[in-house]
Amino acid sequence: MIMGFLNSISYVAAAFHTLAAVVVISALLVVFVRNIVHSVLWLAVCFVSLAGVFLTLNADFIAAVQVMVYAGAVCIMVVFGIMLIRRRDMGETNLFNGQTVAAAGVTALVIMLSGFLSFKVGSVTSPAPVPADTVGNIATLLLSKYVIPFEVAALLLLVALVGAVFLAKEVKADADSDS
Amino acid sequence: MADYSIPADLMEALKNKFPGLEIQENRDVIVPAADLIPFMSEIKDNQDYAMDFLTNLTGADYKDRFEMVYNLVSMTHGYTLMVKVRIEDKEKPEIPSLCPIWGGANWQEREIYDLMGIVFTGYTGHPTRIFLDDNFQGHPLRKDFQWQGGREA
Amino acid sequence: MKTQTYSLNLGPQHPSTHGVFRIILELDGETVVKATPVPGYLHRGIEKLAEARTYTQVIPYTDRMDYLAGMLMNWGYVQAVEKLMGIEVPERAEYIRVIVGELSRIASHMIATGAYGGDIGALTAFTYTFRDREYCIDLLEMVSGSRMTFSYFRVGGVADDLPGEFYPAARKFLADLPGMCDEYDGLITGNEIFQARTKHVGVITPEMGINYSLSGPTLRGSGVNYDLRKVRPYSVYDRLNFEVPLGKNGDCFDRFRIRIEEMRQCGKIIQQALDQIPEGSIQAKVPKVIKPPVGDAYAEVESSKGVYGCYLVSDGSPKPYRVHFRRPSFINLGYLAKLCEGWKIADVIAILGSIDIVLGEVDC
Amino acid sequence: MENIFIGIASSLRGFFSGLGVPDLYNDIIMLVVKLVSILVFILVNALWLVYMERRVCAFMQSRLGPIHVGPKGLLQSFADIGKLLGKEIILPKGIDLVVFLLMPVLIFVPPLLIYAVIPFGKDMVAVDMNIGVFYLLAVASLSTILFWAAGWSSNNKYSLIGGMRSVAQMVSYELPLILALLGVIMLTGTLNINQIVNAQNGIWFILTQPIAFLIYFIAGVAETNRTPFCLVEGESEIIAGPYTEYSGMGFAMFFLAEYANVMIISAMCTVMFLGGWLAPFGLDFIPSWLWFFLKMYVMIFIFMWVRWTYPRIRVDQLMGFGWKVLVPLSLANIFVTGVGMYIYRAIGW
């Protein structure tokens, strides 16, 4: 009987729902825990499980990017942000402020909008199977059809990098640490 | 043993400048406490002596007085000189600090303050205890110090 | 950007403070804003203890100050007593003192060299110098029967003559010594990372070095030629031919390098002393109970850390009235607070290691 | 010999299908078997590496190292583990309890995930992933936040400094690490680790990409926090960095994870630059997995050699070296590789 039950469910679907639940719960915890460090750690959990969601969609490249860029790098950036907070005890660092109502309104609006859009588009399943070599396709697309946006993005990052170097230099003049 | 003390004529010049000076037979110099800072500045800055190196700074507790001992060396001439200062006030011993003249005096004065209880004046925030606990009572190197507590109570 | 400093308590239990020493660091990120050294965790009151002992009984206490170079500590004290009593030490005893003193200096510098490697992160250097130090300590054991706290010096001479097997063993050690120093140079001094870590770090200018009464390799690293063995030769150093290694920049690297060079010079000194050592008595005629005349005396020797002085006051009784030791490690440390400002935490360790302190001596 | 492990796997699979287990479950069982054997492999190797490190260190330092426990001291690591298991886990005041206790456990997850894609021999890879190299780099970057969280939760300034250093170090060394591998990826045109190994059939990439190998090696040392880049631990400055407050098995987990990471970097050096499990000079009679281990252990030995020879670099020098030397060098390497490939094709070999 158990065998029959196991055969009846789709493992991919089960994995998807589990991961989705983890994503939602961890995302909520990011907002609701009171300690901002815990919040960051939950954010990492959220990103990693989001990568898992991508994996269930056979988008392995995007999943790896998700882990690398978000779970790896963005968390590090948040860590740096935390270090700039002046508080001895991290216990009460992630609190609600007076704009709860406004934020709730905006959130509700976003949820409604995205719900409306997904309803309008409907769930579309591509008839073509997922290509095995996703990376190659992405590379080809990036360097042919989307070459101009790609280059513009690269330029933007370069500008950001130069700006960061410039800012760091300014700070140095203020006799700051280099961590 | 070679002689490294200051030549007699230079000593004479010092004696003329500071009448309160007392030169002992082994050429140690006893300086009145009031003359200490001018005397030390003189022998450090006057290039005839150039006593630029304060080797040793210590004190001793005698029955009727405290005595500060300063050993000076001249890097350029090679002279050595032992300067002594007598502090007659046993109750509240005070002497001007040499920190403004020699940085090396700082820790040695703190040590003497800590262990012997001689207060060095004229340098803000100085001296403080260096070895013993800040809450420690008394100054152990004084002859009248009695150890209270511990194993040999 | 506005930043906030925080304080970090370095020690008294810390792997790199060379004992129980504490520095309170005020840090901005990893940069030191203010450093406050706090000694005193090993203070035993040797100066007070000495007042209740006879003159000879004080000798073992001196070993416990710089326990890495016990012979030199003995030497400074007995020299003060001899000066106070006006004792002429026999020549053979003086040569023996030079030999064991320089061996002690080598042993101390070997630890300084190896431990400094460890401070910078090269732990292997530590084992190499310790391996070689064993040979050095073996020689001192032959002479005194002890490996660290020798108590070998006596007022007016030394406790015992050199044993027969000492001479070949010492000559073998001296033959090996340059090779050992070459090995340290190859392993540590020549290393690129080591040089990057130590060069131009913690610079002491000659003026500041003199002003702060620094001595020993710490001062000579800044290029100040102040070595008592040359400047005011005591014992028989005026008959021995050696050089005083000097640094140029006064940085950690120079202070470190000088110690290795000094080891080579020590080897030369011991070699000459072994060649020149005369036959004769090893002990001057000294009364059984040492009772110096009333008065005071100050004597100095060049220990491995710097100028080690002893100020003695006698009231004519068999016990010293007042003993004060001028400990080079203690006075060299007085400049640490200023030296550390503006450097990183890692540099604080490098600077502290380059001064080469022994806490037994600092706290006395 | 060559197919001993593959043989075991297929006979196991055959055994289960003989029992009438459906294919799907058989796949899952085989995956679990593979993962468990990888876990055992990591632990056994980490224990062996602890012993090896001590012996190599002793050899470098002209002493003997562990010789008393077991033959030639081989059981020393087990004795150590036994000792550490018996130790009390000390929980300092003011720690973040959950994070503090969780980190030594989680620290083993990234290495475990990475081993899934490493080919230990011909056809001996748990998961033959299309984007293996990229996956590996992505997962490897995860361990930094674990170090940081361990340091933060300890409520100790030394730990926190160590944690911050680990973040700063990762930010500066992840980039050259990836850029160095890009040269190889350009040559092969694939992210599949097996294909990269196969591409080295003619010539190992250490010969065609020597600069990339050097950069990868240096950045790899920095990734594993070993001397001369052991700033995160830096025992003469910050005691033991993030592990300062850990005792007993918690500390041992970090310790073992370090060796697991050393193995990963060595294995990656082997795979990307030293021809993986390919036999050099046609020495085919030695099985491929043995070749892989030989090469990996040569790399591990070099890691240890470096560790016990060099002093530690300073934190600002580390950043300067990463950003001012390694990153430009790796970018130049990519440029030269690109131009070289273009010329190569233009000549038409």
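For reference, chains read A, B, C and D in written order, and residue numbers begin at 1 within each chain.
In the analysis below, contacts are C-beta pairs under 8 Å (C-beta built on N, C-alpha and C of every residue); 3 or more make two chains touch, one makes a residue touch a chain.
Please read these numbers as outputs of a predicted model, since none were measured by experiment.
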{"item": "If a chain touches chain B and chain D alike, it appears here", "value": "C"}
{"item": "Label of the chain whose CA centroid is most distant from the centroid of chain C", "value": "A"}
{"item": "Length of the line joining the C-alpha centres of chain B and chain C, rounded to whole Å", "value": "24"}
{"item": "For chain A paired with chain B, centre-to-centre distance based on mean C-alpha positions, whole Å", "value": "70"}
{"item": "Euclidean distance of C-alpha centroids - chain C vs chain D, Å", "value": "45"}
{"item": "Whole-Å gap between the CA centroids of chain A and chain C", "value": "60"}
{"item": "Residues of chain A engaged with two or more neighbouring chains", "value": "178-179"}
{"item": "Residues of chain C whose C-beta touches two or more other chains", "value": "30"}
{"item": "In chain B, residues with contacts to at least two other chains", "value": "none"}
{"item": "Of all residues in chain A, those that touch chain D in their complex", "value": "35, 37-38, 41, 44, 48, 60-61, 64-65, 67-68, 71-73, 75-76, 79-80, 83, 132-135, 178-179"}
{"item": "Interface residues, chain B side, partner chain C - complex", "value": "2, 4, 52-56, 58, 60-61, 69, 71, 75, 78, 80, 82, 102-108, 111, 115, 130-132, 140-141"}
{"item": "Sites on chain C touched by chain B in the complex", "value": "39-40, 43, 45, 47-48, 208, 210-215, 224, 226, 231-233, 296, 298, 300, 307, 309, 311, 313, 321-322, 324, 326, 330-331, 333-335, 338, 363"}
{"item": "Touching residues on chain D, where the partner in the complex is chain A", "value": "96, 99, 129-131, 134-135, 137-139, 141-142, 144-145, 148-149, 152, 164-165, 167-168, 170-171, 174, 191, 315-316, 319"}
{"item": "Chain D to chain C touching residues, read off their complex", "value": "57, 60-63, 157-158, 161, 227-228, 230-231, 234-239, 308-317"}
